[in-house]
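First chain A sits with chain B, and in the next complex the same chain sits with chain C.
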Partner chain A sequence: MTLLAKPWIWSWLAAAIAFGLTLALTSGRGAGELAYAALSFGAFAAIVGMGQMLVITLGPGNVDLSIPATMTLTATLALKVMSSDPGTALLGLAVALAVGLGAGMANFALIFLLRLPPIIATLAASLVYQSLAIWSNRGLRIKPPEGLADFSTGRFLALPNVAWVALALAVVVWVVLERTVWGRWLLAAGQNMRAARLAGVPVEMVRAATYLAVSVFAGLAGYLLASFSGGAALNMGAEYLLMSIAVVVIGGTSIAGGASNVPGIWGAALFMFLVVSMLNSYGAGAGVRSVLTGTIIIAIVIAASTRRVRA
Partner chain B sequence: MTALARYRIILPVVSLAVLLAATFYMQPRAMSYFGLNLLFNLAVPIALATIAQMMVIMVNDIDLSLGTFVSLVACITATFLHDTPLLGAAMLLALILSYAALGALIHTLELPAIVVTLGMSFVWGGLALFILPSPGGTSPVWLRTLMTVKPPFVPMAVVASVIIAAVTHLLVIRSGIGTVLRGVGGNARSVARAGWPLVRLKALAYGLCGLFGVLAGMALVGLTTSADANIALRYTLLSIAGVILGGGEFIGGKVSPTGAVIGALTLTLAASFLSFMRLSPDWQIGAQGAILILVLTARLIFSRKGSVA
Partner chain C sequence: MTISKMLLGAAGLAMAAGLAQAGSHLADTSGKRIALSNNYAGNSWRQAMLETYQGTASEAVSAGIVAAADAYTTSENQATEQAAQIQNMILQGYDAIILNAASPTALNGAVKEACDAGVTVVSFDGIVTEPCAWRIAVDFAAMGKEEVDYLATRLPDGGKLLEIRGLAGVFVDDEISKGIHEGVAEHSQFEIVGSVHGDWAQDVAQKAVAGILPSLPDIVGVVTQGGDGYGAAQAFKAAGRPTPLIVLGNRQDELKWWAEQRDANGYETLSLSIAPGVASLAFWVAQQILAGEEVPKDLTVPFLKITQDTLDASLASTPEGSVANVTYTLEDAQKVIAEAK
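Coming up: the complex of A and B.
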């Protein structure tokens, strides 16, 4: 299998092209800063993207629309518990992960007990989470504790700390998917749920674990994003709904399920940031930027599909 | 099966009736011409958007760009359609045609609709920002007159909902082409074997989605009198919820236009209901979610009983 045949190479190529085109304008100045910013902002997209990837791998019809609401809710509650007191960062993290876990359980309960299609179950649940966040937040903006804010905007060995977190998570997800029986079960369930069930895969367990994982990831992303940007906002998760699905698809994960791709998620997450900064530096307004982003997403999907047909 | 088919429409009707009765109980003054109009005014564009979403769900796809599309239409209506009606109308027509082209593209290249429409949501949103960078614009006078007309006895919102439901019921359920379109959702291959060109059918379904999306945007501007680029972003999720609430299903071409309109009315009412209960407006969005879950739970119980009978 040559390098070009790897599905993740395309998102990295696209990211590299966007990076190069941006730097062409400044004739190479600011490369370090741009890469640093891309890694910082890409980290959040990568974390939620990996969660969404696991869900989409489960097969057609599986998608989590509650990611933005879960992010907002976990961030709001975590910051409320910490209430800017120093030394509460770990407590806040625990709260964020626990709220994420709770949201995941609620989502899966709706899917499993009420047999709702995942799209509608996570959609309905997300409306409730959004209301909970509004109710508990009351429009107040609580600052994260100083240590936590320093950590989330700081760097270690020249890379942003949030990028280290997302990279570590990517390694864990990759190992779980490629090297553990649970990962094989997930892929098997995504390729043919009935066959997997008949082969003795505990399909419902796998689905439950996946829906819990995506919400926990969203919780982590919400916690980090709120710390990074100096507080939780009610619309902080809004752009991550489309973002999470877009990075999964651009990253070479099959939308039909059964084939996931961790390196591609990172490439796509960097690309999504770099393409916006590229269009920005070429002086494109918000409208043009958005139109071009959409066109590029569709072009990549078409390119990926023609590649599949030829192969 | 007959029991199940009957339940499919009974449940949305019952849930709307229960919610309406509860609202009247809380606030008897809502039981008037003026009250009903206030309650359901904003339901008209939502009902049209729900019908648009239903056209795509009917052929087993899903449209994640509908909210941005309706926003774009609203922006065009409040600017070009008001200032230069001919140009505005041509733009709206082009939008409908591009929706049809999108349907053909998705079918021919076997693209996942969820991703293509996701990409299109960026495109529509960007165009809307381009046309109307800051909130503003003016509704065309005739549109404003149409949306605020006061028919005798029954408020405009109710009349409009009945008309929308009747027209789409004729189109989707009673007409020949509607049956074929639902067949595409049921079993695309058998429809193709029967000699129907699938590309054109998909294009037609998406074109209808575009048409009703355009109507939704125009109706919205007629009510709000101005537009902004984010005016209808909620419609994507609301329309999906409305279709499902009205008894539709994601696969199999099982949709109900009447149910979809009723679903849209129920969701609109759910938001107002809480203000009558004097609960904090924080919970308005949550109430829509809770009612969605409640109705779907009821549906599960009914359909189990139906399959036993």
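Coming up: the complex of A and C.
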């Protein structure tokens, strides 16, 4: 298999081109700055993107639309519990992950017990989560504890700490998908749920674990994003709805399910940040920017999928 | 709110009620019912707006000025949903609808139906163009221009500016940006070298600014639309660049950051935005119209400006994590009406 046949190469290639074009404007100045910013902001998209990837891998009709609301709710509650007190970062993290887990269980309960299609179930649930976030704190922004804010905006070995977290998570997800039975079960279920069930794969358990994972990932992303940007806001998750799906598709994961691609998620997350930076740097207006972003995404998806067919 | 403040407020309202009824030509509105139709509640500005409205409304109801003043918010920020909400309000027999509209034109049909049914419609912030409705508008273009005028007083030599815009496609964003560009045309020493959309949100602004900064030359000032100043400051800090003069938008975290910078290095700037309390102004205007007062259809509300001198007072009166606010009284409404006449 040549390098070009790897589905993840296209998102990395696109990210590299966007990076190069932005720097062409400044004749190379600010390369480190731009790469650092891309890694910082790409980390959040990568975390929610990996969650979405697992769900989409489950097969047609599986998607989690409650990611933005889950992020908002977990971040709001975690920051409220910490109430800017030093030394509460781990407590906040525990709350964020627990709330994420709770949201995942609620989502799966709707899908499994009430037999709602995942799109409807997660969309409906997200209205509830968003309302809970509004109700719990009335939109007031609470600052993260100083140590946590320093951690989330800080760096280690020249890379942003949030990028390290997302990288570590990517390695874990990759190992689980490629090297464990659970990952094989997930792929099998995504390729043909009925065949997987007949082959003895505990399909419902795999689905449950996947819907829990995506919400926990969203909780982690919300917690980090709120700490990074100085507090939770009611509309903080809004852009991660389309973002989470876009990075999955651009990253070379099959939208039909059954094939996931972890490295592609990172490439796509970087690309989604860099393409906006590039168009902003060239002074493109909002309309042009949206049209170009859409066109580029379509082009990458076509490139990635044609290659896969040939391979 | 402390008890004494509440008592004071109640006393003020009682006096205001007395005044309103003392004005001989005005009718009694104690049997009238007012509804607030609001299109969105998902940010701190809207939350402060709803809170102020509820405070004003419940005091007015308990003082017997109006019979009811309920608040309704649509869940999806959709014009169709809000149109249906307005139709429900007509059926429920409200005498006046106070409207923060999802669209300046898409609700005109529903607003016209309300007018035809004899319901007074007062739109504010997100106003509607339907002629039968009243409009309480902010001169957003003037707000944008004032930012550049202020920069011109502080930076007479001019320089390169970064513009942070709001939500693309929204009327307010276009207006403020238009004013900023008018200001830049007037003060030719300034040049806008970059423009990003921050969606009036700190995290989005921070991300957009961080992305464009590496390609920008030295920036002397940042013109904003509110809700984005703190994010911009964070992005400059993360990039290791000197903090330029950032015009702020009255959010508490922005004001707090400003006070910290001032104490540390004498940082000076200006903060301006529309106060969420404009909902209380709309309430009193609706009450005055119901009372039979002649009110011009187009009213203008001043924006709330915080300067170096008023920073500490504003910061002290703004709840943690919220937006600087003023609650408008009946007298304020009467003043705005008198000025428009």
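The rule is short, and it goes like this: the second predicted complex is superposed on the first by the 303 of 311 C-alpha atoms of A that agree within 3 Å, B and C clash if a C-alpha of one lies under 4 Å from a C-alpha of the other, contacts with A are read in each partner's own complex, and residues count from 1 in each chain.
In the analysis below, a residue touches a chain if its C-beta (ideal position, glycine included) is under 8 Å from a C-beta of that chain, and two chains touch if they have at least 3 such contacts.
Nothing here was measured: the structure is a model prediction, and the numbers come from that model.
**Student:** Sharing chain A, do chain B and chain C clash or fit in the superposition?
**Tutor:** Aligned on chain A, chain B and chain C clash with each other.
**Student:** Mind working out whether A:G87 is in touch with chain B, chain C, both or neither, as first, second, both or neither?
**Tutor:** neither
**Student:** Touch test for A:I119: chain B only (first), chain C only (second), both, or neither?
**Tutor:** first
**Student:** Would you check which partner chain A:L25 touches, where first means chain B only, second means chain C only, and both and neither mean what they say?
**Tutor:** After superposition on chain A, A:L25 lies in contact with chain C alone.
**Student:** Could you look at A:G231 and tell me whether it touches chain B, chain C, both or neither (first, second, both, neither)?
**Tutor:** Second partner only.
**Student:** If you stack the two complexes on chain A, which partner ends up touching A:T295: first (chain B), second (chain C), both, or neither?
**Tutor:** A:T295 sits against chain B, while chain C stays out of touch.
**Student:** State whether A:Q130 touches chain B only (first), chain C only (second), both chains, or neither.
**Tutor:** both
**Student:** Does chain B (first) or chain C (second) touch A:L110, or do both, or does neither?
**Tutor:** After superposition on chain A, A:L110 lies in contact with chain B alone.
**Student:** Can A:G61 be said to touch chain B (first), chain C (second), both, or neither?
**Tutor:** A:G61 contacts chain B only, not chain C.
**Student:** Once chain A of both complexes is superposed, is A:A286 in touch with chain B (first), chain C (second), both, or neither?
**Tutor:** both
**Student:** Where along chain C is the clash with chain B: 27-35, 81-89 or 117-125?
**Tutor:** 81-89
**Student:** Name the residues of chain A shared by its contacts with chain B and its contacts with chain C.
**Tutor:** Chain A residues touching both partners: 127, 130, 134, 286-287, 290.
**Student:** Of all residues in chain A, which touch chain B in the complex?
**Tutor:** 61, 63, 65, 110, 114-117, 119-120, 123-128, 130-132, 134-135, 242, 245-246, 249, 255-256, 285-295, 297-298, 301-302, 305-306
**Student:** Give every residue of chain C touching chain A within the complex, in rising order.
**Tutor:** By the definition above, chain C touches chain A via 41-44, 46-48, 51, 75, 165, 168-169, 194-197, 199, 201-204, 206-208, 210-216, 230-231, 234-235, 238-240, 251-253, 319-322.
**Student:** Quick check: in the complex, which residue numbers of chain B touch chain A?
**Tutor:** Within the complex, chain B touches chain A at residues 62, 64, 109-112, 114-116, 118-131, 133, 237, 240-241, 244, 250-251, 280, 282-290, 292-293, 296-297, 300.
**Student:** Under the stated contact criterion, what part of chain A meets chain C in this complex?
**Tutor:** Touching chain C: residues 22-23, 25-26, 29-31, 33-34, 36-38, 40-41, 127, 130, 134, 138-143, 153, 225, 228-231, 233-236, 238-239, 273-274, 276-277, 280-281, 283, 286-287, 290 of chain A.
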